[in-house]
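Labels A, B, C and D are assigned to the chains in the order they are written; within every chain, residues are numbered from 1.
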Amino acid sequence: MTEITPAVPVTWPGGARCAVAFTFDVDAESPLLSTDPSLADRMGVMSHQAYGPLVGVPRLLDILDGLQVPATFFVPGYTAHRHPGAVRAVADGGHDIAHHGYLHESLVGVDERTERDYLERGLEALESLTGRRPSGYRAPMWEMNWRTPGLLHEYGFLYDSTLMDADHPYELAVGTDGRSLVELPVSWALDDWQQYCFVPGFSGTGLIETPAKAIELWEAELDAMRACGGLWILTNHPFLSGRPGRAAALRDFIARVREHDDVWIAGLDEIARHVRAQGLAPRSLTRPRPAAEDHA
Amino acid sequence: MTEITPAVPVTWPGGARCAVAFTFDVDAESPLLSTDPSLADRMGVMSHQAYGPLVGVPRLLDILDGLQVPATFFVPGYTAHRHPGAVRAVADGGHDIAHHGYLHESLVGVDERTERDYLERGLEALESLTGRRPSGYRAPMWEMNWRTPGLLHEYGFLYDSTLMDADHPYELAVGTDGRSLVELPVSWALDDWQQYCFVPGFSGTGLIETPAKAIELWEAELDAMRACGGLWILTNHPFLSGRPGRAAALRDFIARVREHDDVWIAGLDEIARHVRAQGLAPRSLTRPRPAAEDHA
Amino acid sequence: MTEITPAVPVTWPGGARCAVAFTFDVDAESPLLSTDPSLADRMGVMSHQAYGPLVGVPRLLDILDGLQVPATFFVPGYTAHRHPGAVRAVADGGHDIAHHGYLHESLVGVDERTERDYLERGLEALESLTGRRPSGYRAPMWEMNWRTPGLLHEYGFLYDSTLMDADHPYELAVGTDGRSLVELPVSWALDDWQQYCFVPGFSGTGLIETPAKAIELWEAELDAMRACGGLWILTNHPFLSGRPGRAAALRDFIARVREHDDVWIAGLDEIARHVRAQGLAPRSLTRPRPAAEDHA
Amino acid sequence: MTEITPAVPVTWPGGARCAVAFTFDVDAESPLLSTDPSLADRMGVMSHQAYGPLVGVPRLLDILDGLQVPATFFVPGYTAHRHPGAVRAVADGGHDIAHHGYLHESLVGVDERTERDYLERGLEALESLTGRRPSGYRAPMWEMNWRTPGLLHEYGFLYDSTLMDADHPYELAVGTDGRSLVELPVSWALDDWQQYCFVPGFSGTGLIETPAKAIELWEAELDAMRACGGLWILTNHPFLSGRPGRAAALRDFIARVREHDDVWIAGLDEIARHVRAQGLAPRSLTRPRPAAEDHA
């Protein structure tokens, strides 16, 4: 098989050593409804998820505005339909709004028609609300199939932020004819879900960490990424990190990040455009094949 | 669909910036028995749960009395039947006693007749023991169905403390004719169960945190809530937080909270009456519908 | 139903405020073999469990000897058969050896004949190895059925250390004619299993805490128990706490405990004899009955 | 049955009190593919695993090179086929490369022909890439059956690093005629998987610890092992500990270990040769038999 090569470092604007993006997945009710529609019958858990757009988003927008930091919000189409005010407020704040499925649907094992439907419904929901077509995509649950990048390219997306095989952004080859998608890679360690999420019967075992612990984890990775010159992307969920104590700790952390003069903070759309402008050679990722084939 | 609007801040008595309530769910054996009646055959786990009313409640009452802090105790009817002495001691201490089901039954998927039976049996158990009809309710496992608020209103409850979509209390609309219930929202982060509970074969994975960690989490949320002006409700379980080390740490924490001159500490009954007196416009929450309907 | 009354404080020797016991459950392979005999085919996990008697026990005995602290070791009969040298060393060290089932069998749902067989085989294994009949018992997994205390009394045990409904030791009524068993209660928070144990496919999710965290938890409970005047029992497993770093931290902790002049450290046999000499009135515990019966 | 005897201390070169080995399991995609081949369809999780050879291995090799510390890399044959560049870089760095299955296959319940096939395919993959036959083996998931040691000896391996019943290395008897394999024992506490790994639908519950916590745990065990005179083996996975913040913390930790003048740091191959040269009497481990047989 063809060997996969590592992503290579890129240069950042203004002599910054590394790039930083704060991203927010405004999932609200959608991950639960796509996993099990009967969860809609549970008023308690629905209210837990609604906290995100109702309380978390305005609070986080205030924080970003106060610190003058641009961010990217990944918004399932369903969230735009059910909570249009929150999504409009994000758009009014000038932040990047990107695609995150219609109902936060899993892309594992779906057929192409279904996957296109998720893409189209999500696009329609965001465009009709904000008047702008999103340039970015993130797969629900950070999981896509091998067909997904090709579809994203076909639907005109500039970037995806789902994969985990690099510290640096790269051009992800789509097919073999030079087409590509800017990939802005993420990491499970830089996600508030693992630190805070508990939804009985849906997610989590009951572990709920302190904001101080979560941020210690994220800051350790950031400090090391500054030395590596890569792209550090944090992912928070307003239904989790919008809670008062967590939001306050995040605000203080973002303020500290701003103080670093070697860091470029930007929305993922701007970062993707910067990467695209560098004209990187696309990387080809290949699906692992059964062992019998692979060493033939 | 109709957009849900966020709850809005209320004013607090005496110029306090935020309100604080310490609440205790005196579950004892009931959550286990309603989940699986055969757990009654396990003498060990029954003794673990009985620690709550037998040891935890008296210890916690002493602490509250020593600090002159009023609290709310949510008591399943079964606890009142099996451990009447503990529940009488709570009443004698002047604390708010509220409804928490009869046997801590799940309200997910039950029919109306069954749900009414839970409400009626719980009311009967508390009234016959304390001579007072409770004004408050909290759904077992913080989970209700969409019918529940209407029933609570019909049975004369003033407040519920189950939902999670706000930092501020609000009037929860019941039907469309202006009736409402005071909702005093909670949060998974402000619950000792996730920090301490381990009952093999019933709950928990084995994670047991230190009291210092639990209280660091709660205090971080309180400090931020003081800035937000909301209502901060802590939920402890006497079978967990009644253990000596946890109770001592909780006592020291409550003592620190009392020192804040911007905080109003009260039972939920008193807080609910204060909220009711403000004449807030009721908020309507709506059940999410299948995606196909929602963007029609 | 008859109300259960709380255990009451006892006085301790020499004016001590509280009693402390360090206990060790020498489970080795037995919990795995009784859960699933095919686990014997896994050489790796068997070696993990064998670490307890082979390495942990000698190391812990050295620590106890160096600090001149008596302890209680709960030994399944199977451990005595498979690792007789380790068990003889415990006996030679002058420590209390107590019953812990034959193969660490669950007592949930077993019939009386089976339960008697476990008791008899465990007794036979310990007596034939040490020449002494154990006076104490602890149910595997800290779980017994309602028949167990009667059987323990019949087989001549003085004490049990399994239940969790008190901070103080008590006489547990067996039947209604005044017979009783000394109960020395335990707590999930005072057990190293939840802090350290990971055996893939058998126990644990992967969480492994630092010794510092485990001991912070235990010490917080001890400090509070000193104020409560109760009995503080720590339970460690040699296959876990016998590892070098954990044993070193435990050693330092025991040394600190010894410095408290208000604490009486003893084996559970000695503590049980002290309790028995106080002539306490037996407490009756009753099995919870279905709700329908209970409020009749 | 025959009693198992504990491993005994060995002497270390140059008067060192204990031996230290840093080991890396370059699992990449293999554990997922052997557990469920359909996981290959998930591009996200495949990219998560590929981070190990693509980014983690080069970064860790740089760290080892900078500190001039030799290490051992356990490499499934499939990793050598799919990521030959990473494996060649390990070999070029002069590190010990050892066998870790072909596709990280479980050895539980497999028949002999299958197990031989795993061994042969793994050997072929490593030899054809590096030109050297590995002298060491580690069973995938640290789990082998009772046939495995005999096969390892037959295939010419000098050492295995899978079992957990000792702090000291030992000669593991293979059969009854004096043949043996050097065993270099490990511990679940000295593995980054439990601290960092989260792969939804495959491993972990969501717990992700900070590098500081992981290293506090490892360092506590090391400090105590120095006093015990044993062999301390740390196991890291490049797809986990190769992330920037974790790698930086590991680098600082290795640097501290190097400062200890009582510690001998070496690859497991060198340690195994040192152990072999001591001419230790082989230890016999025996499979536990059903209880009925064992006390016959």
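One rule holds for everything that comes next: a contact is a pair of C-beta atoms (placed from the backbone, for glycine too) under 8 Å apart; a residue touches a chain by one contact, two chains touch by 3 or more.
Everything numeric here is computed off the predicted structure, so don't read it as measured data.
*Asks:* Provide the labels of all chains in contact with subunit A and in contact with subunit D.
*Replies:* Expected: no chain.
*Asks:* Return the chains common to the contact lists of subunit A and subunit B.
*Replies:* A chain counts here if it touches both subunit A and subunit B, and no chain qualifies.
*Asks:* When subunit B touches subunit C, do the two copies use mostly the same residue numbers, with over half shared, or different ones?
*Replies:* Different, since most residue numbers here occur in only one copy.
*Asks:* Quick check: superposing subunit C onto subunit D on C-alpha atoms, how many degrees is the rotation, to the nearest 5?
*Replies:* Subunit C sits rotated relative to subunit D by 90 degrees.
*Asks:* If you average the CA atoms of subunit B and of subunit C, how many Å lie between those two points?
*Replies:* 35
*Asks:* Measuring centre to centre with CA averages, how many angstrom lie between subunit B and subunit D?
*Replies:* Averaging C-alpha atoms per chain gives centres 49 Å apart.
*Asks:* Can you list every residue of subunit C that touches 2 or more other chains, as numbers and ranges?
*Replies:* Expected reply: 205, 207.
*Asks:* Could you tell me which shape the graph of touching chains takes: line, ring, star, complete or other?
*Replies:* Per interface graph, the chains form a ring.
*Asks:* With touch defined as at the top, which chains are paired up in contact here?
*Replies:* Every pair of chains meeting the touch criterion: A-B, A-D, B-C, C-D.
*Asks:* Going by the contact rule at the top, pick out the subunit D residues touching subunit A in the complex.
*Replies:* Those in contact with subunit A are residues 29, 33, 37, 40-48, 50-51, 54-55, 58, 77-78, 81-85, 102-103, 121, 125, 196, 198-200, 205-212, 243-249.
*Asks:* In the complex of these two chains, what residues of subunit D are touching subunit C?
*Replies:* 1, 3-7, 108-109, 139, 141-146, 148-149, 162-167, 185, 187-189, 193-195, 197, 203-205, 207, 213, 216-217, 220-225, 227-228, 230, 285, 287-291, 294-295
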